[in-house]
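Next come two complexes built around chain A: one with chain B, the other with chain C.
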Partner chain A sequence: MSEMKKIKNLKEFSTSADRFEGANLLCPGCAHSIIVREVLNATNDDLVLSASTGCLEVCTAVYPYTSWDASWIHIGFENGSTAVAGAEAMYKALKNKGRLKQPDRNPKFVSFAGDGASYDIGFQWISGCMERGHNMMHVVLDNEVYANTGGQRSSSTPIGASATTSPAGRVSYGEKRNKKDMVSIMASHHIPYSAQVSPNKWKDMVKKIQHGFAVDGPVFINAASPCTTEWKFDPKDTMTIADLATDSLVFPLYEIIDGRELNITYRPKNIVPVEDYLAAQGRFKHLFKDQYKYLIKEWQERIDDNWAYLQRREEARV
Partner chain B sequence: MAKKGWDEFEIGAMLRSFDGSIDDIAGTPQMDRDYSENSSYTASVADWRLIKPIFNKDYCIDCQFCWVYCPDVSIIARDKKMIGIDMDHCKGCGICVEVCPTNPKSLLMFPEQADEEAEIASWPAKNEEK
Partner chain C sequence: MAFDKMELNDIEVWDGNFAAAQALRQCQIDVVAAYPITPSTPIVEGYAKFLSDNYIEGEFVMVESEHAAMSGCIGAAAAGGRVATATSSQGFALMVETLYQASGMRLPIVLNVVNRALASPLNVNGDHSDMYLGRDSGWIQFDSYCPQNAYDLNFIAFRVSEDHDIRLPAMVHQDGFMTSHTAQGVTTLTDDAAYNFVGDYKPMNDMLDFEHPVTHGVQTEEDWHFEHKARQHNDLMTKVLPKIQEVFDDFEKLSGRKYNIVEEYETKDADVCVVCLGSSVETAREVAGEMREKGIKAGVIGIRVIRPFPFEQIRDALKDIKAIAALDRSSPNGAPGMLFNEIAGSLFNTDTKALLSGYVYGLGGRDLTKAHLVDLFTELQANVDAGKVTTPLQQFIGVRGPKLSYL
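After this line comes the complex of A and B, so read on.
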C-alpha cells in the first residue's frame, strides 16, 4: 500500500494540487464539484475515474473539453461503476502477470454517479461490483433527484419533496415514498467499508475517503449533495444547507465496517429542528401550508427514529 | 479550437488534459502545468457572473475555508496562504463569502463592474452585532 497523504488540518489540505478543473459547466454553487475535489484531494496517488451520465459527467466532459486531469471514462448511465471495475480487474491481472510498467504506483479506482444512476438505474451494476470484491470506491453524489434531466424523482427523493414527476399541488404533497437506505443495502454486501459523508464536514469526508482507499476491497460512499437548482435555494447557501442537513440529522454521518459494525462519526452539539432544514428549500415550501403541516411533524419523527436506530446499532456493535 | 457541429463528433473521443507527458500531476500546482487546449482550465466562465467576489487580504486569517468549499477551484492557495481569486473560473456563486469567518469578512460580493481598489478602500468596518 502506498503512503497515505498527510492532511492534519485545512491549511495542509490547501497545499493539494487539484486534479479537477474549473470552467466546467456545473451550476454556480453546485455541491457535486465540492465533493469531487474533497475526494480527489484526499490522495496523491494516480487515479482511474469514471462518471455515470448525470450533471457531473455532462458538465465536465463537454466536447472538446475535459475538466479531469486523470484517466477518466464515461460510457453510459448505468455502468460507470463497471467501467472502473473492469479497469481494476485488468490492472490486477497485469500486476499478477508482472506486466505493469510501473508496479509501485498504486492507482485508486473511483466511480462517481448520481443517485438516479446509483439508487435506480445502475443499482445492479454497483451491486455486482461490490459483490465481486473489486478494489474500488463508488461515490454517490446524492442530490435526491434526477437533476440533469430536469428534476424527476428517484428512489432517493425524500417524502414531501416536490419533483417534476411528483409535483406538489392541490391534491398532492409531492413525493410519497421514503428514501431508500442505500448505505445499509451496500453494507449488506459485506464490503469492508461503507459510509455517509457531507461536503461541509470536509475532515470527516477526508478521513473516510482515506480509510476507503486504504482498505482492500469495494467501498461505498453516499455523499449529500445539496442542489441549488432542484432543491431551490440561493447558490451562495450550498454549505449552509449542507450544515442544516448534517446538524438536523437528515443526513447523519456514520460508517459501517465489514457490513457489521456501525460507528456514528459526527454528533451535532446543537441538533437543529428538521423544520429549519425543510424551510430553507423551495422543494419543501408547500409543507408549510396548513393542509400539509402534519408532514413536518412526521418528518421530525422519522429522523428521530432513524437517529435512535443508528445509535442502537452503534451501541450493540452491529 | 474551431467548434465542431453536432454531427462531426469523433466516436469514442479521447481528450488529453496536458501537452506532452507529465509525471507528478498531484505534486504540480495548476499554474505550473502544461495544459492542453482540451482542458477546461484553458476556458473561461467569467461571462456567467453578474456579481463577483473581491478579496481583501487585510482581514484574512488564511483559514482556507474558501479554498475547500469553492466549487470551481477558483481560490488560489499557495504555501497555506490564500493569495487571490481565479476570475476566469469563478462563477460568482458567493459560497466563499458565506464561509469566510472573519469580521469584517475578507471576501465580499460586488456587482461585476465594481472597481476592486475602490471597494477595498471603502471596505465595511467590523460588525459589532455578532
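After this line comes the complex of A and C, so read on.
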C-alpha cells in the first residue's frame, strides 16, 4: 500500500529527503523548484518522473550532471506525459509478468511540463494520457509564458500581459486573448482528480498531491508558478506574488472530483484587488497608463465573475 | 495468469503483416504503443487480438498519434522491457522527431515500417519514400522482400537491438501491400524456439529499478553533444554489422534460412547488375535468370541492411560488375537517388570502371513489371557494349507522359 507522508510544519517539510536537489540552474526566485519539491516531498514512495522540454528540464539535467535522485526521463517538448504513460504501461506489464526487480514498491508516475508544453504543444498528448486512464499525475508549472525560449505568449498568457510575441506598444496593450481554462478541459476527461494549486499554499498543495497519489487513474494538477524573469518582479518576491495571485482570486485554488464535484479549497479572508496583483508585475505595467486603465476594471470584473461561477458550481454539487 | 502457446503449422499462409504480428507474439513483447495507419495496421491489430485471446501477456497502449506511439515506446523502453510498434507513411513522418530521440537515448525498440508513399498527393500504396525518411535517424534498418523475411527479421532485429553492446533501435521494413497484404507460405518457428532465439529481455539503466535511479534524455550543448553523436554513429558503423552477421549466423543454425547483409544473386560472373530493395528484389532475380538465358550475364543485389549502409559489402559485391543500375522507389526530390548516391559513394576510390545509372520507379504503388526489368537489363548491356552510359543518368520507369529523364 501507498504510504501517506505525514508533514507537521514547513520546517519539517522543507528539510525532508530531497529527491530533487537544490543544485540546479533555475533562476533565483523561480517557483518551479519550489513546486517540484512540494510535489515530490508529498510521498515517500518511489518515483518515475518526466519533464517536457522547458526551463525545468534544461536547468536540471545538463550532462554530466543531474538534479534528480529518482528515475527521470525527458524526450521532447510535447511528449513528457506520454513518456511517463509508457513507463507506467511497462510497470503494469512487468508487474503482471512477475518481472519487477522490486515488486513490493508502489511507484508514483509524475510528468512535469510548463504551460507551453501542456496548454499548447503537448495538449493532445496530455489529453490522450488522461483519456486512457494511466495511473499518473501531470503537473503543469504554469508561468503563463514560454519562459525557456525568452517570453513568448502561450495560450495560458492572460489578457494584457506583455510577452515578446504579443508586446505592449504604442497601439497595443499586449496579449489579446484570455487564458485557456485547462483545469476544466482536463476535468472533462472525467478523470478522478484535477486541481489548481499554488506554492505559497503548501499545505493545500500537499493535501491535493496526496489525494492525487491516492486515487487510481490520471490526475491533472495546474500549479501557479510566478516567473521572476518574465513576470518581471524581484526574485525575493516570488511568494508575495503567489500570495497576491491566490488572494486576489486571479488564481483560485480548487479541486474537481471525478470531473464533476468542484470544491473551493482556499477562501481568502481579505480579498485583494486585482489591481494590486497586476501592479506588482512589470508585464502589466503598461495597463496603468490612462489609455488602458479600463482593462484593469475588466480584469476585476472577469475575476469576480469567475469566483461567482466557481462558488455556484461548488454549491450546486453537480 | 500464464499465457497460452499457439500451435503453428510448419508452413503457414500469412501475409507480411500477420507474419510480423506472429513474430511480435512469439517475442512476447511487454508493451506495444501504437496508432493505426494503412497498410501497417494489421500488425498492431494482431498484437491486440493475441492479447485479447491470452496468447501474450503485455500492455497494448492505443495512443492518439504516431508521435505519441513512439513517445510511449520510448518511455516503456526506458522503464525496462521489450517494446515494439508498427507504422507507415504519414505516421512514420509524424514519428520522425521521436526516432532521433529513441536512438539518441540508446533504447532498443523494434519498429515495423510497412512502406508507403508520402503525400501530397495522398496515396496509400507502397513505395520507399517513408523508409528513406528514417535513414539518418540513428536506427538500424532491415529490409524484407517477402512475408517470410518480415517474420524472420523481427527476431533478428530484437536480438541485435537489445544486445548490450548495441542498444540501438531497429526498423523492419516491408513493402506496403506487395508484402504486407500478399499471403505466401511462411515457414514458422515453434513458440519456444522463437522465444529462446530472442531470449529474455535484459534490462539496462531501467527506470523501474528504484535502487539505481537513472536520468534519461539529458541536455548536452557544444561541450558534449558532438561526442555523444559521434560515438553513436561510430557504434553504428563499427559494431552493428558484425553483430548482425553473428545473429544471421545463429538464425541460420536455428532455421536453416540464411540471411546476408547484402543479398547477392548471380553476381559472381555478372556483367550487369541491378541494386534494389523490397519486393522488387524477387522480381529482379526472376528476370535476371531469364536474361541469362538470352546471353546477358545479369545479377541482382538486394540490400538487406539499409542502415548502417554496408559500404564494404557493396564495394566487394560490385567490384567486377561493368554496368550497375540503382533502383530507387522514392522521388529523390533534387538528387540522383538514395541508393544511387550510396552506391556511387561505395565505389568511389576503388579501381572499378563500372558504369552507374539511376532509375526511379514504382512511386505510389505503380507496378514494376518483368518487361520493365528486361528493358533495364538490356540498357545496362548496351552501356557495357558502348563502354559508356548510353541513357540519361536518371530515368523514370513506367511514368506516363514525358520521360522526365535527367542528365
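Following the convention adopted for this analysis, the second predicted complex is superposed on the first by the 313 of 318 C-alpha atoms of A that agree within 3 Å, B and C clash if a C-alpha of one lies under 4 Å from a C-alpha of the other, contacts with A are read in each partner's own complex, and residues count from 1 in each chain.
Here, a residue touches a chain if its C-beta (ideal position, glycine included) is under 8 Å from a C-beta of that chain, and two chains touch if they have at least 3 such contacts.
All values derive from a computational prediction rather than experimental measurement.
Superposition of the two structures on chain A leads chain B and chain C into a clash.
Residue contacts after overlaying the shared chain place A:E38 against chain B, while chain C stays out of touching range.
Of the two partner chains placed by superposition, only chain C is touched by A:T82; chain B is not. Residue contacts after overlaying the shared chain place A:L94 against chain C, while chain B stays out of touching range. In the superposition on chain A, contact of A:D69 is made with both chain B and chain C. In the superposition on chain A, A:K176 makes contact with neither chain B nor chain C. Contacts of A:T240 after superposition: chain B is touched, whereas chain C is not reached.
Using the contact criterion defined above for the overlaid structures, shared-chain residue A:R132 touches chain C, although it does not reach chain B. Once the two complexes are laid over each other on the shared chain, residue contacts for A:A23 go to chain B alone; chain C is not touched. One listed stretch of chain C collides with chain B once both complexes sit on chain A; from 38-46, 182-190, 218-226 or 308-316, that stretch is 218-226. Applying the stated touch rule to the two superposed structures, the overlap between the chain B and chain C interfaces on chain A comprises residues 61-64, 66, 68-70. Only residues 1, 30-31, 33, 57-59, 61-65, 67-68, 71-81, 83, 97-98, 101, 105, 203, 206-211, 213-221, 224, 228 of chain C touch chain A when the two sit together in their complex. By the touch criterion stated above, chain A contacts chain B in their complex at residues 10-26, 28-34, 37-38, 43-45, 60-70, 199-200, 202, 234-240.
Those residues of chain A whose C-beta lies close enough to touch chain C in the complex are 46, 48, 50, 57-58, 61-64, 66, 68-76, 78-79, 82-94, 96-97, 99-102, 105, 107, 124-125, 127-128, 131-132.
By the touch criterion given at the top, residues 1, 3-4, 9, 13, 15, 17-18, 25-30, 33, 37-45, 48, 62-65, 67-74, 77, 79-80, 86, 88-95, 97-99, 109 of chain B touch chain A in their complex.
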